[in-house]
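Here chain A shows up in two complexes: once beside chain B, once beside chain C.
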Partner chain A sequence: MTMKKTSRFLIWMLPVVSGLLFVALWYGVRAVSGLKSWILPTPLEIMQAAWQERGRLFAAVGHTALGALGGFLLAAVFAFFTSMLLGVSRILRASLYPWLLMLQMTPVIVLTPVIMLWAGPGMPGIITITWLISFFPIVANMTQGLLSADLNHVALFRMCNARRLQEMRLLRLPSAMPYYLTGLRIAAALAPTGAIFGEYMVGNSSGGTGGLGFLVYSYNTQIKIPALFASALTSCLLGFIFVAAVSWLNWAVLHKWHDSFERTDH
Partner chain B sequence: MEAVSPIVKFTSLQKRYGDGPLILDDINLVVQRDDFVTLIGPSGCGKSTVLKLVSGLSPWSGGTLTVAGMKPREARNRQAFIFQDATLLPWLTAQANAELPLRLRGVAAAEREAQARQMLELVGLGKVSGYYPRQLSGGMKMRVSIARALTLKPQLLLLDEPFGALDEMTRNRLNEELLALRTQSRFTAMFVTHSVAEAVFLSNRIVVMAAAPGRFHGEVGVDFSYPRLPELRERPEFQAKVNEISRLLHEVEGPVRV
Partner chain C sequence: MTKLKLLIASSILGLAVVITGCGKKPDAALPGSPALVKVRFQTDWFPQPEHGGYYQALAKGYYAAEGLDVEILPGGPNAQVMASVATGRADLGMTNGDDVIVAVARGLPIKMVGAEMQRDPQGILFHTEHPLRDLKDLEGKTVMAGAGSTWIQVLEKKLGVKFNLVPLLGDLARFMNNEEFVQQCFVTNEPFFARQRGAKVGALLIASDSYEPYRVMFTSSEFLGKHSEIVGKFVRASVRGWVDYLSGDPAPANQLLAAKRSDLSPEFMAYSIKAMNDYQLVSGDPKKGEAAGQLTAARLEKQIKLLQEVGVLDKPVAVSDVATFEFLPKTH
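Right after this comes the complex of A and B.
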């Protein structure tokens, strides 16, 4: 019992300790190397910059969150139906999947000018870029899930003369849920990054009302390095909120039946 | 006519996958109404394949096979299959799992709920009908699986090593329950197992199979009257039957070569 309590306490404390060591190392490097604040700001200077810039950071993170959420939701819905198409028919899968893969292999940065041309600058372009980045991991995971339904379950459905639609709705979709949610989790981590990238590439042409990506751009040109670090910290927080939200969704959908939520003794 | 026509009839049946070797050769078997036929034999002798053919899940290559005088596929709504694994859908409660076949057949919600509930109570799971499979023990899962099969009121029940993964106590108990359910629901059964004692306790006919290619080696009648009680297992006649089957299995498997 006491052993267990100690080890749980340790598990919580270890990241705190390693974090403190990292900060100490940071100060050490700064002191020994004599680097200036505008090359390597100290954690304290970053926090001060974050406080000074709090108004702009707050407004920017809201803007970014909107773009990220828009692209993410669009990807989640669109990927869901695309996977269903791919899961239902072997012919569709064979004809579409290689092209989807090719789209995935194309660096988004190459497509940016085209996206700006087609979707327009500002929010529409940002959402398109975020969508493009988040879409594929969801499709790949969910299609895999639809195809990996238990063979005995499939036999059971066939034995009962189940129609294809019943097999999809009552067997394949629920089997694919854990996979879909895994895809969403990967996408949730990518979406804020995608939105910031979109703002950096597309947003600044919309007249300077961009989000974090635009802020990064402008801090960089002004060589406000501590503020740059502060915006990195802010985007990290945004990503954390996204992933936490999907983790909650994962729990809400799966905890009643999925083995990954089985209570264990260790 | 219906009463005398066999439930399942194999005539010189052969099965192979593609151009592969014969999996089953010269299978001849007539299963009559109320038979409890058990197939027993070494691993890979094709006993599960026999059940798959009857259920229409797999085509055969030569000979004929009829189920209730029809093609196996057409006779699907007269049969139910119980797999080795309970094959419950993990996202459905025991109740919803038991309802599934009726749901797939489009039976109205209220009716299928009542029927499934009644079956779950019959297998002693009335109190845990709201549980998800992962909250149930292996024996309970198998009981749900049996209840699910019986909601279809099948004429023919196919059981593919259903109790193979359970401990002996649970297995014996479920054997007794299965026979008790059979006196109520009056289904004909085809059963596959590795356990000689289980085969003797349950069946009135035991078919011993040999492997490569899978074929029938011999058939043994078991004429203990039903209902059979647990005490049957302790009687010398029971043991004699077990020995007889074991001898046949040794013949099939040949002497041990080291």
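Right after this comes the complex of A and C.
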């Protein structure tokens, strides 16, 4: 029992220690190299910049969160139904999957001018880009989930003459849920990045704020490098909030029945 | 299974909220002026003093006096101003004059209707420890510049200047670190920030006698055909706005700009305005007979020839295809 306690304490302390070491190294490099603050700001300078720029960062992160949430929700819904199509029949899967792959392989950066023309600049374009980036991990995971239903259960359903839709609704969908949620978790980490990329590529700062991607432009041209680092920190925080929200969803949907919440061997 | 339904339902609900949220116009028209005609004007970048004349015309009611309710649409990276206007997402737009000439040659149905600036603000930023007096001083240097920029072709093919090109990333990090480094800039923009960080810098305007691109206002052929009267009013009010912004009190426009760009300081805006005046970007050189808003067929003709010579333009276009002169301010 004591053994277990120390190890838990250690688990909490290790990242703190490694973090402190990293910060020490950072200050060391800065001191030895003599680099100026606009090339390598210290953590303190970054925190100061974050505090000075807090109004702008706060407004920007709200804008980015909106874009990320929009793209993420679109992806979650579209991916859900796309996977159903792919999971329900082999013929549909064979006819659609290669084209989906092709879309996935196309770098979003190549599509941005087209997205700009079709969806429009600003929020519509940003949401489209975020959607494109978040969509595929969910589809890939959930389709895999639909195809991974327990064979014995499938046999049982077929023996009882269950209709295809019943099989989908009562067996395949529930068993695909953990996969779907895993896809959502990956997408949740990608969505804020996607939104910032979108703002950087097709943003127009309409309405007075352009999100974190816009601030990257602004801080970069104005050589406010500590503030640039501060905006990186802010996007990091946004990413954590997204992933935490989906982790909570994962728990809410699965903890009553899924093995992963009962087993203690991992 | 209710959990699952809940999940789907909440996803759809969330989606609906986002979609309806996006449909709202951020800058709704001012109430109480139903007679005004709505005009959407697309700019090429985030709101900045280089768009100041339009904001001045808006703030001082010059557009309203012409019966126009102008919405200035902010641009940004990949703004695709010309495509926006050609597809009718915006009624008019502004961009570099060269770009309009090239786009017309590629078949975009657009036309210049007036000049915004007599000279494009593009310049070369240098440290005063290693000054540039002339574009020919770039010989043998390493220059960070937008690959494919027309002025590079002009310099290499027309003036025979050879230099190394490094792709432009839009930041000043390398420049600040190396006194011999030179890079493309807007004379109205980067010098301010480099000086703010302690560098001694100068900026050489790229526009010269051999290459002098306008910055222009343009519209689509369709809009021009149907609403030429609106175009005329817009150009007139915009030029009035520009003249007032640069020679009068710029505060009204700067207030609008500050509301959209909290990151731009008053000192920066003042610098930008001073640079536009110092380089005579909008007013042009009165000695050459230039004036705000003016476009001349002779200069456009010269520009088209130059673009063809350096291979930017692969087929000839007529001046009458790229511009109309009917809305220009009357010169005295």
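Heads up, the rule we're going with is that the second predicted complex is superposed on the first by the 258 of 266 C-alpha atoms of A that agree within 3 Å, B and C clash if a C-alpha of one lies under 4 Å from a C-alpha of the other, contacts with A are read in each partner's own complex, and residues count from 1 in each chain.
What we mean here is this: a contact is a pair of C-beta atoms (placed from the backbone, for glycine too) under 8 Å apart; a residue touches a chain by one contact, two chains touch by 3 or more.
What you see is a predicted model, and the numbers here were worked out from it, not measured in a lab.
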item: Partner chain in contact with A:Phe157 - chain B first, chain C second, else both or neither; value: first
item: Chain B versus chain C as contact partner of A:Ser260, first or second or both or neither; value: neither
item: Touched partner set for A:Pro174, first chain B, second chain C, both or neither; value: both
item: Touching partner for A:Leu117 - first (chain B), second (chain C), both, neither; value: second
item: Chain touching more of chain A, residue-wise (chain B, chain C); value: C
item: Footprint overlap on chain A, where chain B in one structure and chain C in the other make contact; value: 170, 174, 177
item: Chain A residues within the chain C interface of the complex; value: 38-39, 55-56, 59, 66, 69-70, 73-74, 76-77, 80, 112-113, 116-117, 120-121, 123-124, 127, 169-170, 173-174, 177, 200-208, 210, 214-215, 217-223, 225, 249, 252-253
item: Touching residues (chain side chain C, partner chain A) in the complex; value: 1, 3-4, 7-8, 11-12, 14-15, 18, 21-22, 26-27, 46-47, 73-80, 83-84, 87, 89, 170-173, 176-177, 189-190, 193-194, 196-197, 259-263
item: Footprint of chain A on chain B - complex, ascending; value: 55-57, 76-77, 79-81, 83, 85, 87, 89-92, 100-101, 103-105, 132-134, 152
item: Parts of chain A lying in touch with chain B, wherever the complex brings them together; value: 150, 152-153, 155-162, 166, 170-171, 174, 177, 256-259, 262
